[in-house]
Structures are given as C-alpha cells and as structure tokens.
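Below, chain A partners chain B and then partners chain C, in two separate complexes.
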Partner chain A sequence: MNYALNIPLIKILITKDWHLQRKTIAMYLVGGLFSLSFISGGEWQFFMGTTLLISALIGLGNHQITSSIINERKEYTLPFIMSLPVTPIDYLVAKLIASMSLFVLPWFVVCAATLVVFWITPIPDGFIPITVIIGIYLFLCYAVSWTVGMISESEAVSIFTMVFMNCLIGPVIFTFTRFSGISSHVSAASPVWNSESVGVVVGQLVVILLALATAFYWQARKKTFL
Partner chain B sequence: MNSTVESRLYKSVDGNVSEQELQQRYHYLDNLRALAMIAGVLFHASLAYSSMLHGLWISADSQQSSAVDVVGFFTHLFRMPLFFLIAGFFAAYLVAKRGMGGFIANRAKRVLLPLIVFLPLCLWAVVAAMLSAANTVENKSPVLAMVAKALANPADAPPPPPPTTMHLWFLYVLVFLYLLTWAFGYLNWSSVREKVIQIKPLAFLLGFPLLLMPGLLLVGSPLPAPDSFLPQLWAFGFFGLFFAVGYWMFKGDNLVEKISSYWWLMLIGSVFLYVLYYQLIPKRIVLPAPPIETHLKIVLKLCEAYIAVWMTLVCLVLGKRYLNGANRNMRFMADSSYWIYIIHVPLLFAIQYQLMDLSWGWLTKFAVSVIATLTIGVLSYTLLVRWTPIGWMLNGRRK
Partner chain C sequence: MQNAIEFHQVCKRYPDFYLENLSMQLPEGQVMGLVGVNGAGKSTTMRLLMGLIQPDSGSVTALGYELPHQQVRVKEQIGYASEDMRMYKNETLGWHMRFIQSIYPGWDPLYADHLLKVFDLKADQKTKGFSHGQRVKAGLLLVLARRPKLVVLDEPTTGLDPVAREEVLSELAEILRNEERSVLFSSHNTQDVEQLSDTISFLHKGKLLDSQDKEIYLDRWRRVLCTGISDASNLSLPGLVRIKRNGSLHELIFNQNPDAAVARLNELGAEISVVEPMSLEKIFVAAVKAGVHI
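Entry: the complex of A and B
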C-alpha cells in the first residue's frame, strides 16, 4: 500500500467541497442563530431553542454526508474524480478534512454556546457533564454515519444509519441520565466529573476514533476506486 | 467604515449599482452616524440624573430630573435604529465594492477585532472604577450601595450579574448581522426587491413599523439594551430590520427622496406619539418588570415602532439636506466618534463617581461629565489613536 499523499490535489478537493457546501452552511448558520437567539426568551423558549439547535446540528451533519458523499456517486462526480491522479486514500483524507471542518466548527460553536448558557444563567452547572456527553454523542452519530457513507457509498445504507443513530439520541439521554454517578449530580452548583461520566466520554471518543480508523483501513485496502 | 474613495472596484458589482455610487462619499451618512454615537455619549451621561433609572444605574446621582427622561428616552427610540440603518447601507456598499469575501474581512478588522480587544478592557475599567467608588463615594447610588454591602459581607452577597457586552453590544449584534448578510447573500432576492420597489412611500411609512412589532413585543418598555452574550431574537427583529432597510437603500431605491416631503408630518406624528408613550411607561423602572396588560403593551410597542421608523427617516432627510457637505470638523468628528464611543462608558462612570458627593445641580454635573468625557476622548484620539495601529484598526490607514 502506498501512503504518499497527493497534497496539492487533496487541497483542491477540500476547497471544492467547501465551495459546494457553502450555501448549506449558510442556511444552517441562519437556523442555528435563530435557535440560539430563542434560548434566552424564557423557559419554554429555552427548551424549544435547544431542541431546534440540536435539530439544526443533526440536519447539518446528515445534509452534508448526503450531498458530499452520496450525491457525489449518484451524480457521477466520483467517476470524474477517478480520472484525476488521486488514490482512494487521498480521496478519503480530502473528504475527512472537508467534512470534519464543515461539521466540527459549527458543532464546537454550538457546544461552546451551550456551556456559555450554563455560565451566564442560573441553570445548575451540574448539568454540564450530561450536556457534554450528549454533545459528543452528536459528533459520534456524525462520525459513524460518515464512515458508513464512505465505506458503503450506498444511499439506502447511509440513510438507514443516519436515522438509526439519530433515533438513539432519546434512549442515549434516557440511559445516561439513569447512571447514578451522573444523575445524582445534575443539580450540583459545579460540574462533577467522576469515573462514570469520564468513562462515558472516553468510551464515546474511542468509538469515534474506531469509526474513523475503520474508514481509513477500508479505503487503504483499495487500490482503485472500482 | 469610511466611505472614502478607493480605486479597487469589485467585478461582480450589482447591476443596479453604478461606479459613480461606489466612488462617491456619503457625507451625510458618515456625519449622521457620528452624531448618533455622540448622542449615545450624551444619553449614557444623562442616565446618572434620570429619575426613571435611579434604582438601576450604577452612577445614579442624588440630583435627578424628569426632563432627562423626557428627552433621553425620546432619542433612545431612534438613535440606534438610525445607526443600524446606516450600518446596513455601508454593508451593501462594501459588498458591492469589495465582494463578499472583502466585506467579511473588512468587518472582521473594523468590528470584530475592536470588540475582542476593547470589551475586556472596558469591563476591567468599569469594575476597577466601581470597586474604587464603592470605598470612596459617600452619597452612593442604590446599585453602588449594594456593591459596597456585598464587598463588606461577601457571604451574604447576591450572585453576581451575568457578564454582558455592555455598551459594545452594538458591535456584537453587528457581527451576527454581517454573518446573516453573508448567509442571505446566497438567496435570490430579485422578486422580493421588485415587490419592495413598488411599495408607495406612504404605505412604507405606515406598514414598515408593523413589521417591527413581533420583535418589540418580546421585550419591555423602555427598550433594554440587548447586551447579553446570548443573541437576542428581538434585536434581530428590530435592529436587524433597520439594517435590512439600510441595505436595500443602497441598492438604489431612493428611499430618502421618496419620503422627503413627509418629514414634518413624521416629526409631528412622532412627537404626538411620544407624549402618549411617555404617559404610559413606568416612571420608575424596577427589575424584574411587573407584568402589564396586553392592550397597553401593544399601544406602547406601536408607539415605539412608529417613532423609531419615522424619526430615523426624519434624521435621514434632514441629514441629507443639511449635513451632506465635506466639512473638516465634521470629518474629524466622524473619524473620532467610534473611538470616543468605545471608551466613553468607563470614563463617564469614573467622572460621575467623583461628582456624586458634590452639591452641584444635575445640569452642571451633566455638562461637566459630558465635556470632560468628550475632551478626554478627543485628546486621546488625536494623540494616541489617529495615527497609530489603534486608529488603523478602527477607521483604516489614513492617506
């Protein structure tokens, strides 16, 4: 396996994805800003705003995977890319950097803004561990859906994975809030990071890394796109 | 942003915007913006002598006058709307001149960077002056007395208020409006624009204020400052719409010419509505504000919406008529007003704390605090800012 990356071409592919995704990002930015500005309006506005914010984040991730990975195959952009001097691993690195930068930045802003809400409002800071866990779970959903999209290149499988992962958000919140090490501290004035909450975060990060490593391993085995 | 002549013209200039429009300097808008900022200094200085805000303003003096409230809260209704309308106009100007990328880069330098640099400094200066005043001032305001009590008994102190963007909130809101300008730039507005152009001036004057109502109904009266770090929906629905009108104004709708014959009607109408408005607003503002009846709130918000729109347009008409010439003094004021506005609140507080124990009348104290603040602002601008990197950051490099 040859891992010498074609850096100039990878840069062009990343720029191409950024360019093609700019409208999507712009529209989700408007949605995200609207949701964020809703949060400070009152109690029901807070719940509506946070729900809208999480929905915008999920929508951004799924929209991006569909348009940059699935549609690339459906609209025959991939055969064109195949004609370029690019290996599957170059393609994967370009997709990883483009997708992650387009998702991770808004995801990070949303997570940071949520933590600011805890800082500047009377909501107990004890909610921070469960909030961080939910935030990382959203990233995990994206990473797994992205990996499945890259490996399967199938619209049906990718959509099924996205729906399945996002359906798990409710059960995940339900399950983690039942952990005594997490649930018993949500009303605390300051966040409590114990073995249970740290363990869940580390476990999620391991799954994310495993998912990305699987995509790399899969693509590295390929000699051509076919 | 200075609308100075620059040779660089962006290729994809909107078809409706001529090269001449991009090359000309909009003196009246530069001057109006500067006046709006200086009016902000006067407004904040006057709040120390407001009977309405006595319980909430930290430099509130024992000398108060309701005349301050009558004049101050009238200007409060259209000063910032005018500012945001002008900001929208110059946003469109920059997009046409430099393209979206150039616009974002320019705004990051002139708006985002000053916010990041000066907000912590202003916060530090305000807190330092407040801690000093809590120990030295005899005739403390209710808020300052509360601070002194909290410092004396930290165990019984109420929780500190959440951090705010203070008087620099307008920069914070502008950052979001610039992001929205970029995002909405991807939409096709031509059909909307065609419909907007067909609206008759009178219909605009009567109809546009109603669009402000959803945003205004989300907050109390008089209008608070949207100074939270959490973006405020009402600020987008109110100031954002003025920004949008300013943006459309640049696209050649000749709004000022169309409505110029109505300026005196709008002025009289605004004064009439303000008389009604002032009768209805609370004479002492308390937090949290007590609930008011729905019909009363609607009347108050209608007054705010119509006064804000009409007086903003009156300022534009009169500004174009009387402030549209090149004038060295006005140019200096336009250039220095941004710096003066940024530093004025900590300065005002520091000066007004020193005046609180004096037995002077409120008007004398007000005049001294304003003159001292403006003098320090102008001197510091001339000596430390105008020809230095701070001046380049705020107004661009001077040629």
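Entry: the complex of A and C
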C-alpha cells in the first residue's frame, strides 16, 4: 500500500464527519453540561448528576462509533467513500482524527466543567484524581471500542465490546477506590496526586495508545478492504 | 493504442471463491461489458481495479498506474459506481454534489445541472427519500459530472424500471461518444451489454471464459436446428458447445467456425432447417450451462 497520505482529502473526510455528526455531538454535550447542574445540589443530586454525566459520555462514545464506523459499513456509504481518491490508510487517519476530535472535544469540555464544578462548590477537591481517572477510563472505553469497530468490521462484535467495556465501569471505579493512595485522599481539601493515581492515569494512557496503534497495524496489513 | 485497464494473471483466493489467472485488457476509448452470473467474479474484478483488494499474485494497472499502490492517482481519474454503494441518507443530493465537487477539480457544474434535468432529480431532496431508480441515477450523476477518464460501473441498470433504464442507457451512450473515455461495466442484463459494448468479457466461477470484440464474438456463435443425426451423443464437431434433443429435432450450438460445422453436418447427412446467429443472452445461458472455456 502507498503510505504517502492524501492530506487534502483527509481534511475533506474529517470535515464531512464533523458535518454529519454535529447535531449528535451537540446533543450529548448539552446533556453532559446539564447533568453537571445537579452535582453540587446535595448527596442524591451528586449521585444522580454523576450517573447522568457518565451516561452522557458513554452515550456520546457509543453513538459516535455506531453512526460513523458501524453504519458506514451497514448502510453502504463506505464503498462511496472508498471510490474517492483515498487509500485505506487515508481513510483510517481521517476516521481517527474525526472520531477522536468528535469525542475528545465534548469529553474534554464536560470533564473540564466537572473539575470547575468541584473547585467552585463545597465538594472536596480530593475527588479530582478519581474523577480524572474515571474520565480517562471513559476515553479508554471509547478508544478500545473504536479500534475493535475498525478492525472487526462487525456490528455484533463492536456492540459487544462497547457493552463489555461499559459494564467494567462499575468494577473499575470499585477497584480504583480501593487503592489506598486514591481512596484515602478523596475527602481532602485539595487534590493529591501520588504514585498510585498518576500510575493509573499513565497506565490508561498507554492502553489507549496501544489500542490506536493496533488499529493502524491491522489496517496496514489488510489485503481486502471491502 | 494504450490500454486503460490491464489485468495480468491476477489471482485472488477467498474461502469460497477463487479468481484464477485473470488476464484481460481494455484499450483506451473502448467500452467493455463484463458478463457473468452472481458470484462469477465481476465485483471482485472491479474492486481490484479500485485498489480495494490486493491480488495474491499478478498485476493490475489502470490508466498506466499500478494497483493498489497508486490507487489515489487512479481514483482521481476514475468514476466508480456500484450496486452496493449508497449516499448519506440524511443529506441532500445537492450536498453530495458539493462534496464531490470539492474533491474533483474537473467537476462540470453545467453537465451536472443537465443530468439533474435528464434524470428528473431534485438537488434539495434528501437521499433517504430516493427510490432505487433515483438512487442509481443520482450515483451516476455524481460519477459522470466529474468527467472521469475511466468509468467503472458495477450493475448500473439492475433493478431499474424500463423508463429509468432507458434514461441511464441513453446517458451512458452519450458519454461513450467521447473517444478518449474508457468504460468498464458489468451487468446481468445482456441486452445492455450488447447495446453499449465494444468488447465483451465473460467471467464464470472466477475464470475468464472469453474477452473479445463484440461483433467477432457474436459472429462466432450459431444455433443450428437439424434432423437426421443418428448418434448425437457421440457427435464430435469443432466448436460444438451443446446439443439438445427434442424428438427427432436436434439443437446444436457452436462457438467457433460455424460454417465448417454446418458443412460437416451436411457431410454427415443431417437435414439442417435453421442456422441462426444468437443473442448475447442465449450465448450467455449456453456458455454457463455448458461451462465452456472458449
């Protein structure tokens, strides 16, 4: 395969995905920000707000993977795109940048707004490390599901992966909050970043990078794209 | 004359299909009709041509570029539409036209407007509301208005009503007037192939049975009706593809040297009542049933 990327066309494909996804992304962004308004209202509001917030981010990722990767195959728009002057690697790069930006932008806005809420409300800032870890885990779920979607080309496998990764959110939160380096500082007035919390963040980032690299490796080896 | 397309001993194996040593050429400015039943290898051939499949062995070139390595250069000059291709359902045809125009500098807006009128399409209509015929015509509009050097169409007329089919065929005939433009199209509909093609290529179970000038190809085939053959099962005649018996009447189909075969039948004492040329459809059926490698 030719690895000289067709940059102008990649930009056009990214713009196309942004255009197609704009309404969905705006909807989940508004939903995520709306759920933040509950968080500082009291104990039950805190749990309701965080549940809604996590749901909005999960929905954002899953909806985006379904509509931009799975549906592109299912609804046969992929042959239309691949008839354009684009290689499978160009397609992957365009899809990676479009998908990641479409997820990361609202994800970042919602995560940043969450931290702002923690800073300006009586909620202890000690919550910030575990909040960041959960936020990155949601990004990890997205990256793994995205990679599986690109590699497997199968709706069933992709949906299974998304469900599986999302089912792990509860156990992941449970496990991380059992780390003494994380749990013992949750009620602290200021965030405590120690080797355990930083290690978890770094570990998650490594898994995200590995997942994305796997997608490229797999795509480069494919002999049949459609 | 330079070849627009060249397949040289191309092999591609799938678990349940094998494209075997495909070698064929389409000279520039010619129209090739690719004929074959479902699963013959027509779509695989076209995907090889679009660089979407890497052959296990052999080489594929289009417009002088090697595939799949130079697929971007090739696709800049190819207009490809296939039966399984869809547009984004929540977007209008106008949006798709602007999208394609942003990619192909050769996009001809006047010709696009002409095709909109000829095909009776509305640019502001979302494609999810399109009928099958409208979808095919819209796909063809997006392909033709970019003024490609090579047009590759996979089953362009399948499932169209007679009016839509006529509209599509006349527009295809129109673009074929450009002598520099080459066209490869596949179809189940042998009438379309017979009407538009200069060359016919015949695929069956992953093998190229024949690839030849249409007139020469059609001229080679004859259907002979005769009586007076005593032992038809042991009949050995050059170019004999198939024998069908109906009482005392025998139907013989030849795919080469029909005059010599008729002369030989006369020598054998057969009473020949009909010697007639065959339509591509009848040739297609006879060849598939006989499984001949011509």
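The rule we apply is simple: the second predicted complex is superposed on the first by the 218 of 226 C-alpha atoms of A that agree within 3 Å, B and C clash if a C-alpha of one lies under 4 Å from a C-alpha of the other, contacts with A are read in each partner's own complex, and residues count from 1 in each chain.
Quick note on the criterion: a residue touches a chain if its C-beta (ideal position, glycine included) is under 8 Å from a C-beta of that chain, and two chains touch if they have at least 3 such contacts.
Keep in mind the model is a prediction, meaning the values are calculated, not measured.
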Output check: A:L84 vs chain B and chain C. Expected answer is one of first, second, both, neither. What do you get? second
Examine A:L29 and indicate which partner it touches, taking first as chain B and second as chain C; both and neither are also allowed. first
For A:I39 in the superposed arrangement: first (chain B), second (chain C), both or neither? first
So in the superposed three-chain picture, is A:I120 touching just chain B, just chain C, both, or none of them (first/second/both/neither)? first
Between chain B (first) and chain C (second), which, if any, makes contact with A:L9: first, second, both or neither? second
Under the contact definition given at the top, report the residues of chain A touching chain B in one complex and chain C in the other. none
Spell out the part of chain A that touches chain C in their complex, as residue ranges. 1-2, 6, 9, 12, 16, 20, 75-77, 79-80, 82-88, 90, 223-226
Show me the residue ranges of chain A that touch chain B in the complex, using the header's touch definition. 22-23, 26-27, 29-30, 33-34, 36-41, 113, 116-117, 119-122
Spell out the part of chain B that touches chain A in their complex, as residue ranges. 159, 162-163, 176, 179-180, 182-186, 218, 228-233, 235-236
In the complex formed with chain A, which residues of chain C make contact? 47, 50-54, 56, 68-73, 75-76, 78, 80-82, 84-91, 99, 102-103
